[in-house]
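Take a look at the following structure, please.
Per-chain residue numbering starts at 1, and chain names A, B, C, D, E and F are given in the order in which the chains are listed.
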Amino acid sequence: MERLVEKAEILMEALPFITKFRGKTFVIKYGGNAMAKADLKVAFAQDILMLKYIGINPVIVHGGGPQIGQMLKRMGLESKFVGGLRVTDRETMEVVEMVLGGLVNKSIVMLINRYAGGHIRAVGLTGKDGGLIRAKKLDAQEYFRQMGDFRPTELLDLGHVGEVEYIDTQILKHLEEDNYIPVIAPVGFDTEGNAYNINADFVASAVAGALKAEKVIFLTDIEGLKDEQGNTVSSINVERINRMIEEGVIKGGMIPKVKACIQALSQGVKKAHILDGRIPHCVLLEIFTSEGIGTEIVS
Amino acid sequence: MERLVEKAEILMEALPFITKFRGKTFVIKYGGNAMAKADLKVAFAQDILMLKYIGINPVIVHGGGPQIGQMLKRMGLESKFVGGLRVTDRETMEVVEMVLGGLVNKSIVMLINRYAGGHIRAVGLTGKDGGLIRAKKLDAQEYFRQMGDFRPTELLDLGHVGEVEYIDTQILKHLEEDNYIPVIAPVGFDTEGNAYNINADFVASAVAGALKAEKVIFLTDIEGLKDEQGNTVSSINVERINRMIEEGVIKGGMIPKVKACIQALSQGVKKAHILDGRIPHCVLLEIFTSEGIGTEIVS
Amino acid sequence: MERLVEKAEILMEALPFITKFRGKTFVIKYGGNAMAKADLKVAFAQDILMLKYIGINPVIVHGGGPQIGQMLKRMGLESKFVGGLRVTDRETMEVVEMVLGGLVNKSIVMLINRYAGGHIRAVGLTGKDGGLIRAKKLDAQEYFRQMGDFRPTELLDLGHVGEVEYIDTQILKHLEEDNYIPVIAPVGFDTEGNAYNINADFVASAVAGALKAEKVIFLTDIEGLKDEQGNTVSSINVERINRMIEEGVIKGGMIPKVKACIQALSQGVKKAHILDGRIPHCVLLEIFTSEGIGTEIVS
Amino acid sequence: MERLVEKAEILMEALPFITKFRGKTFVIKYGGNAMAKADLKVAFAQDILMLKYIGINPVIVHGGGPQIGQMLKRMGLESKFVGGLRVTDRETMEVVEMVLGGLVNKSIVMLINRYAGGHIRAVGLTGKDGGLIRAKKLDAQEYFRQMGDFRPTELLDLGHVGEVEYIDTQILKHLEEDNYIPVIAPVGFDTEGNAYNINADFVASAVAGALKAEKVIFLTDIEGLKDEQGNTVSSINVERINRMIEEGVIKGGMIPKVKACIQALSQGVKKAHILDGRIPHCVLLEIFTSEGIGTEIVS
Amino acid sequence: MERLVEKAEILMEALPFITKFRGKTFVIKYGGNAMAKADLKVAFAQDILMLKYIGINPVIVHGGGPQIGQMLKRMGLESKFVGGLRVTDRETMEVVEMVLGGLVNKSIVMLINRYAGGHIRAVGLTGKDGGLIRAKKLDAQEYFRQMGDFRPTELLDLGHVGEVEYIDTQILKHLEEDNYIPVIAPVGFDTEGNAYNINADFVASAVAGALKAEKVIFLTDIEGLKDEQGNTVSSINVERINRMIEEGVIKGGMIPKVKACIQALSQGVKKAHILDGRIPHCVLLEIFTSEGIGTEIVS
Amino acid sequence: MERLVEKAEILMEALPFITKFRGKTFVIKYGGNAMAKADLKVAFAQDILMLKYIGINPVIVHGGGPQIGQMLKRMGLESKFVGGLRVTDRETMEVVEMVLGGLVNKSIVMLINRYAGGHIRAVGLTGKDGGLIRAKKLDAQEYFRQMGDFRPTELLDLGHVGEVEYIDTQILKHLEEDNYIPVIAPVGFDTEGNAYNINADFVASAVAGALKAEKVIFLTDIEGLKDEQGNTVSSINVERINRMIEEGVIKGGMIPKVKACIQALSQGVKKAHILDGRIPHCVLLEIFTSEGIGTEIVS
């Protein structure tokens, strides 16, 4: 009986959030451990379907760095990074497209479809499908400047590393109307047909902005943003983040991630979340419980 | 962290049921303690809204015997019962209509609306609204025969006690399409405009049958059906119920209730449930947990 | 043959009005003799259905003062009035809700449904259904001041006498789309769930304003507004009414009625009509003949 | 006041008929005096609009024999008839098309549009427009046999006199959906593009049959069908009509008209009416009063 | 094989034009040789259907001067012209309506329908149908002034010669939605029901303007506009046309035609074309090939 | 002028085919030279868009054998074939998915999108997206028997070579409604999530059957089916094909292709075509000219 009371309490705790988020769009950047471990993968698929069933529209953007690395290795090609960005020559770009669009994307689609019921299905897209992601060559100098990384870049050619120029949301809206869950690989194209390898965090942020999403959620392998004392910050605004960057509290690989959050907020997304993807059902818990896990970022 | 895992588990336990019941109609007979105690009332309203939010269509049928009794007393009128049925003369019928249609019905509507969000609202109906419940005078002899009550009825006139002749589901379907929750008072009318006081259990059963509902759920003040040993039966079929009636295990006031269940099943309703309305959120728990509380009846 | 010619003439006289009013909303305050006498009741139901059949959307708001009075008397409770308003303590409010929502409202619904054909049906509502009428405690001092009644009100507590704060037209629009005739009892509620007894004239006026109705029509037991010489005025504007109030030509119980008319006009209703409800089919005659009966009020 | 009572009575008499015929299609053969005299023309236009306003779908089929005769005369061409049918050589056919399609049809369209309000408009059609009337050369021998006219026909060539082969109702349905009143000239065409002059009564009957019309109404210059004693028959069935033809009570030009009625009934039209088009508003009076004027024919 | 290559090339040449014009409206003035010779007629019908099939909405406006002349002659009536305009007394107007609305219009409808497939059909309209063309008596003085024809006009009465006052596009839009091809005879009407004979070029121009058409195309019996040297001009703007009128290069009957073009452009039509209707399939060739035939006029 | 006549003729030749095929679905197997050479690729994209513009729904299924072979080689993996089927172990399957789903599929999508205008876009799918292709392990013994290849197969394990079990057309229908061109990679999945490499010809045939397509078109590197004399057969039926297989005229790799054709026909597809993909615009020429190129197969 006690157990029943507790169950009821937990279900009721979810009620106001269901009311609040019905009909809203959540863009979720999927990656890291949550995409690697079998049980976390299943929990993720279930979370996404749960959102869809209760009337939230989840849109997934995934990465795939480790998988690209393995494939390059298998093909005897070298992985080279500059400031966290993979130098992507023509041959590497082909591998990126194959691995992200042909393997990783489809395995996520398959994962969700295996647990789906009713008329709900996942559909995988790269930026080429439906003209979804128009990109251009990344302005590396500007990028590093923004990331607080003042390395000399004049001689630097990152090849097919790109940045989002325009998100054509038409295909996402059509899929949503017809009850599909879009799964997006972060590959863009320019009007001459060149493909670009884009940081999945920034694709998630741009997609969320273009869809005027309620939330953009980043699954990571950390507990959340840490403050000066090393404690996880549960809620933070842009101003304080900028200060923490200046003060060097946020640094290295965290900078692009929080920059992606800030970009989404500046385009009208209500909240950005950095979640610990190592907790099973972290998406569900963040959304439907009052505790909140990880760090939420508001403008 | 353990708490989080548990929360996630409970939310996930609900997932397959959400998938299963989406778009289905549940008719819920509301009465007894669940309609009398403040905390149970709030829990009931929340349960109903929860169903609606996740895409189930709840339809409520309520009783109101105690409230009618009080009002009659206040007006110096006598409450007279024959075999569990209130003898309803013209004056009593007026009180029944006033109390059920004017007070009890509207207080349930108000209760739900206070907790509702978005565009969801409750709307109260009696059988007269939209021509919902066409009724006729109860054939008392036949009724008592069916209930295993062989009293002489030749001289018996129960007055305005009625039985359902036809449910015109049009208004219920229109309200459902427009996102309302119908709340029904068990008052019917005949083509000459006479009003009838009908047992709410049978109204719930007839409405469920006419809507081809997935479930009809009766909130009661008992734990469920008891077997010969006095244990609560968690699942039972019609055949065994009939045997238990014959053997006198089910008797008295329980007979009409199980007869209402059987009637609904015979009209195509998938399952009938006798729940313990004294447990807060019993509707939610029955639907979204695998435990199941109370007794489920299948054909 | 002569009779045929006359018949044709009368039908043809109606034509321009049908053209003019098709698709428009008419709010009709129903009360007095028209609600008391059997033949007038039938004629009223037929008029309302006639409007609906030819594409006008009638919305009915009814009163029920005499019925409340009788019920209070039967229950040994006293009717107390201050300046035409019924002092409504908690117990009285319960009786108001029961009588208006449970008896009067449903008997009007029944009356219309008995004469209805096709897919047209009446549905009864109180202000609680669909959240239709949000109300608050009447500001008695302000009210009496507006009615030109300068009695001291500091110590006055009218209890649950309310005024309209907001009309949520959603349920009315949904019912209209689905071909129902809404019948409204003048009971409102506040966000804490308290019920209020509101003057039906002002409810009709507020509903007409919120629906941007073409006309608001008041059925009364008088021939119309009288001028200084005691002649019925067939058409009048707000300015002249105000002058007539100042000069004491309009006085007493007529003041709230004309104030309700003026309020509706100020919210965009095209015309208000004070009709003699004692004439059978007065609604039909007013709308479909060029004579015009009673008094029309324009801004 | 007495006048008001009478007015109300007449309007109320119309009510059950409005209920009954809402959404139904009435095909009206327009011709004779009703198409010649100014006041009758206006009354006809008003009747048609009245039907449309209250939700009935009128479809008009017109003749134009006298106008064709006049034009032929003006052009120095001879009018030749065999058994009531106009011998229609190529030159005459051109005149038929010009007069019916260019003059008579458009003047009826204009007549209706002048009195129309709102978004209602008449649109004129010949059988060529939208492929409405596919026709073939009349089988004269068979025709005369059916009309009980046993003249030798072997050598007879009536030229472009046709009979209906198929009514393509698509254009009529589209016009109805978009709120237009179709006005049809009785000119058909075959798949080789030849035009045919068809008896308007039979076109009306075929259109009514194809539309599964509620009624087909023929405006004539007689009071109705006469029985053996010369009294007008108010209601008659097919069996009795056939007997009256056999007995020679119905003869000559009345035979094709009643045959057209019978044909419509055999194709599912509910009732056929032969009305006296010389009575102003005869259509309105027939439909909305209980008297009934002229003769109604049922199967 | 060479032939195949050429075929493919020609089909591919059409592709960008199909892309460009899909969903756009083209108003085509049909007349002259294209309406007289059998093979040109068939080619015209095929062109119009081709446009419709690929998603362009053709609207046809036709003339019929020669046919009117012949009919007048046959009836022993005189054709009288002033400055290119037919003096149209009452009797002539009747002939105009008969010939245009009853013969010419329906023969074009028939022509198109014979070659049509699927659900596409032509429907003929005069200005009276659906209230399409509201007209008024032509202001002859102003007209001649605009055409650079300074004859004294005080005593001139052209009778029923009219000019467009208003195009009510509703019927055209409804026909387009339902997949019909409208064929319009240039007859207008005023609010008193008078008919007017209007220059078909100006009707085409006004219809194109009211529909915000992409193109208005005039089929003529000339190669195109000629410049000072007598060469056909392939593209020209309004300014240069006006200069050519001033310089007398454009003169006589060409002035009204280019004025009609200019009027259409001033009302938002993108381009006007003067085509040589003697070339089979000139419409198709103009639209789907890059050559362009005849003269295009832009603002 | 002669050239114009010819152009018009060619455009007109296309007309009846446009009429005939509007709204129909064509499934096109894309492969061979048409997918390898730059100019043929552009011509193919243009053809597909041309179909879409004029209202035909093209669905593309592509192969990619050579690309898979190259990638395997680059990765140092061996390509092994048995009876024309690639032995597909787990590692090879991964390469198949990567190359088909990530590279070939997306490059075709990109190719089409570069030439597309308006709101038309291509979207790439594998059998996993939207649950499109449910497959199972190929029954090799049965397969070789059907292909007339009686090799011993008991010991044969082709690994992930699959055959179609079920095509879920839902995603194709949704994409068609929303104006997308689906491009399908022949990768299927079973309910346990295993991926299968399926012969693209059979996928095209199964998709065409499931969509009740008008045509299934195979682009090949041959002129068409050859008869005993080595002449290309322009039209042939199933019976004669079966005879030609028996007689050994059709043999080797052509057998699976004609079997795929026969399978499509047996599932209700109207016609199958084997086209010479080396002819630029062969799809367009086949569909819009009367010559017909390659071989058409009818049941």
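Note that in this section contacts are C-beta pairs under 8 Å (C-beta built on N, C-alpha and C of every residue); 3 or more make two chains touch, one makes a residue touch a chain.
Only a predicted model underlies this, so the values are computations on that prediction, with no experimental measurement involved.
Its interface matching that of A-F in over half of the contact pairs by residue number, B-C stands out among C-D, A-B or B-C. Mean C-alpha positions place chain C and chain F at a centre distance of 71 Å. Centre to centre, using the average C-alpha position, chain B and chain D are separated by 58 Å. For chain C, residues touching at least two other chains: there are none.
Chains in contact form a single ring whose order, set by starting at chain D and proceeding to chain E, is D, E, F, A, B, C. Interface residues of chain C, counted against chain B in their complex, comprise 71, 74-75, 94, 97-103, 105-106, 109-111, 113-114, 119, 121-126, 128-131, 170-171, 174-175, 178, 180, 187, 189, 191, 193, 195. Remark: chain D residues 1, 4-8, 10-12, 14-16, 18-20, 22, 43, 46, 49-50, 53-55, 117-118, 279-281, 284-285, 288-289, 291, 293 touch chain C in the complex.
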